[in-house]
Amino acid sequence: MKKLINDAGAVVRDSLLGVEAAHADRVRVDHEHRVILRREPTRQGKVAVISGGGSGHEPLHGGFVGIGMLDAAVCGEVFTSPTPDQIMAATTAVDAGAGVLHVVKNYTGDIMNFEMAAELADAESGVRVAAVVVDDDVAVQDSLYTAGRRGVGLTVLLEKIVGAAAEEGRDLDSCLKVAQQVVATGRSMGMALTSCTVPAAGKPTFDLGEGEMELGIGIHGEPGRERLPLGSAKEVAAQLVEPILADLDFAGDAIVMVNAMGGTPLIELYIVYAEVKALLESRGVTIVRNLVGNYITSLEMAGCSVTVLKADDDLLKLWDAPVNTPGLRWGA
Amino acid sequence: MTDTAAVATWLADFAALVHENANLLTDLDRQIGDADHGSNMERGMTAVAALDPGQYPEPAALLKAAGMTLVSTVGGASGPLFGTFFLRLATAATGPDMSPAEFAAGLEAGLAGVVARGKASEGDKTMIDSLAPAVRACQEAIAGGDSLADALHKAAEAAAAGRDATVPLIARKGRASYLGERSRGVQDPGATSVALLIESAARTLH
Amino acid sequence: MKKLINDAGAVVRDSLLGVEAAHADRVRVDHEHRVILRREPTRQGKVAVISGGGSGHEPLHGGFVGIGMLDAAVCGEVFTSPTPDQIMAATTAVDAGAGVLHVVKNYTGDIMNFEMAAELADAESGVRVAAVVVDDDVAVQDSLYTAGRRGVGLTVLLEKIVGAAAEEGRDLDSCLKVAQQVVATGRSMGMALTSCTVPAAGKPTFDLGEGEMELGIGIHGEPGRERLPLGSAKEVAAQLVEPILADLDFAGDAIVMVNAMGGTPLIELYIVYAEVKALLESRGVTIVRNLVGNYITSLEMAGCSVTVLKADDDLLKLWDAPVNTPGLRWGA
Amino acid sequence: MTDTAAVATWLADFAALVHENANLLTDLDRQIGDADHGSNMERGMTAVAALDPGQYPEPAALLKAAGMTLVSTVGGASGPLFGTFFLRLATAATGPDMSPAEFAAGLEAGLAGVVARGKASEGDKTMIDSLAPAVRACQEAIAGGDSLADALHKAAEAAAAGRDATVPLIARKGRASYLGERSRGVQDPGATSVALLIESAARTLH
């Protein structure tokens, strides 16, 4: 394992020191609870939107804290969802009387810890909490026999859009409704060229031969659903886009993200984007907004994912609203 | 006697066992999960082992503290599940010394808590596949008049057998479920931890 | 070699298709000459700032085309400087009567090709061209016996600052002066944990053992000056910062970039940033602005670099001016 | 006869030789540069080989077109340097057939162009280390009355010797110079290309 770290057991702690050092103009860090918060407290009466999960997906979630997006992000250990105490601390810190929306990715651990935190928040502080569970990963089939679809790339789009809705002054129910719309109309699919190495584990989670890829990976370095020969970027684009289109009819306008998993350079990602766009357009999908880059990663994994979200006027208005976070910024 | 000291001995022994097996646990999780189960259990049990038993005059209080500590230090799936297990086990303890029947009932309550929290059934390839048979074996043995020590030895055997039986299963809950068919052939990490937990109980509680 | 590409010989071409597809709202692409240009022509009377070099360093340079930064970027093959024809095409396309500033990184190939382009531009079209050569890499010692210091991370900072100066309406000489000030007062140093693989070459440029690093690398996947055991992030920070401070007295305010080489995840980079900041502050350097992320990369290389630039009021004003490019955006 | 056809044969032969040796050239550049010299030379010479000699009645025109093509398709350090070499070589050609003396003078002009453009000297571990001895050998042989073929054979030997002599040198120009001491022990890629160029001239020009 070769990493730029001080201590494999203290990666999250040390990284949060850097986040605080770099972005003190916009965020502050509660080191005890490993929560990244906006520098200014939540505006009275504004719904607070928080998210969290295991670390190792940066910029998600901590990089999306700031005006127009999250009010706080709760940082678990690498690939391990945070504890109810941490989530509670974030929830009570950001509540400004209008309630708190929890953005939860659909993993057993995340679900349980956020649920316990919401129970605690309700019992101990009376903060009104609503939760949206993101489960956009079409790689997980047969959800009757699984923990359900994973939450992956759509989380980035959802955090932007719901963050804007809250900033605009919508109430908790309205924010939740927007969030549910995003969940209902967005899908993702990912693939990996290489594994990543969890610092505390010290070796790669899986091994892939030259010429092999894992199709249908999540974002925790876990192996995918299938191991296949690696084809061209055009073939990979089809392997990611087709299952998305098979799952939901996306004809019409869409917001599309082509995301790198942390170890794939932009020069490659743009090649994939060109193929994804051509394929989607040939199927009647018009990309009206896009993101191309490292937004939700698995440490240093090489690979990419595609997320497609149906766009309507309301979502586009929320998408275009100003955002000022370390990881996503425009209009401000 | 299952008093605070005995519970403390159990917890310390389990913590040591988790420490010894942390690489194994992470390695199993690497194959069908996300390579953190050993670190998760170790982080949690290190914190539990650091609790001062002197502060908890009765087993219920120490077990509750252990459960809270797991909930608040582990995260992931195992934090709430192991945490809930100990919190529920604590509810069965009354007074300074848990009776064998109380302990067996506590295990049963712990199992029920894990099922309620995680919504998995036996055969889903989770920790329940070793916990459920262990709880049944313990209950039967106590009902049949065994000592706690004998009952826990039978429970440990059942837990180990349940753990081994996870190998050929396809996972239907937790991260391993995403692998579908590919989850076959690997022993479930959580079931492995549970087997260690009951093995540790068998050698420390009498 | 595992890459998300269609054809190892057409990586730059295919990637430019993706850049055009993703950013048509802000840029256009001259595919014949492989030039990325702002969508709108240069404002009459504004100095045009262009840069270019080998590809594989994305977002540099193409990701920095847009309002407040570059007018055009010329894309060579991977790690190969572009040809005079390409540079000429960009130069004549962006000239709006006030002259064109060439931002050139100090490599033999870049210098020669930009020089030939300037000769051609002068002879054929009468466009006034000035050039600034960036040579900030303190890893290259004894420049009497080398091709001189390489141009690396400082290029990003320079393009932002000079882009703002041109946008503000300063003339060619003033822009050149600002650029020269940046070159005179900025220094960088980099290291690698892994090599990268040039697509057309098909295998890694060098091999590093577990536990080894290359100290003093450039941005072309070339081996560094020294191969050393890899220490902690704190040690690496010192190995990068000390040679910079030994070269120039940076006491006072500074703009600092901690840059990842393409394959190092943000979670690690923030750990390095915390160490870099602590070390610089202990030496009397106050970081008044920073960048932390992938800004000038070597394909999928893991590693990082540190750039330090003295800040004064004028530079800070130019730094803070709005910029709207795919790779760097604020205030717009 | 060094007419257009002969020059075209030379260029085609050199292009083929570059193609055969592209991996070697890139491999040398991988060790002390940035792993692109083979691709660069191949891209350029493929474009040169695609020129239609029928369009260039005189050697000067074809050599100039070759130089322009290299300048406009290669980039990097080798594009301007090899391009300049051919552009200068072209200036020595008058009429439909270059004399041996013209050719030798052209090589000398080419070398001067490369030195002017790249500012390297012999011993800096660059292409000049094989080009300069080759040019000297050719000039001497022609001055001594050798045929062009014989002169070019001597030049090719000198180029090869110069190329080999780059191995122990420390680079002082180009990318390899950044390696300092570590550039020792590897043959210079550009000097290797020049040796191929002169070898190709020796077997195609008479």
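Per-chain numbering from 1; labels A, B, C and D assigned in written order.
Methods note: a contact is a pair of C-beta atoms (placed from the backbone, for glycine too) under 8 Å apart; a residue touches a chain by one contact, two chains touch by 3 or more.
What you see is a predicted model; the values in this text were computed from it and never measured.
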| field | Smallest number of contact steps required from chain A to reach chain D | value | 2
| field | Separation of chain C from chain D, taking each centre as the mean of its C-alpha atoms, in whole Å | value | 32
| remark: The distance between the C-alpha centres of chain B and chain C, rounded to whole Å, is 54
| Where chain A and chain C are represented by their mean Cα positions, the distance between them in whole Å | 29
| Residues of chain C touching at least two other chains | 78
| said: Graph shape for the chains shown, where an edge means the two chains touch. Line, ring, star, complete, or other? | reply: line
| remark: A full list of chain pairs that touch reads A-B, A-C, C-D
| field | Residue ranges of chain C touching chain A (in the complex, touch as defined) | value | 1-7, 11-12, 14-22, 55-56, 58-59, 63, 78, 193-194, 208, 210-211, 213, 230, 232-234, 236, 262-275, 277, 290, 292, 294, 297, 299-300, 302-304, 324, 326, 329-332
| Complex contacts: residues of chain B adjacent to chain A | 26, 30-31, 33-36, 38-40, 43, 71-81, 117-118, 170-175, 177-180, 182
| message | Show me the residue ranges of chain C that touch chain D in the complex, using the header's touch definition. | response | 54, 76-86, 107-109, 112-113, 116, 139-142, 145-147, 150, 198, 200-201, 203, 205-206, 216, 218, 220-223, 225
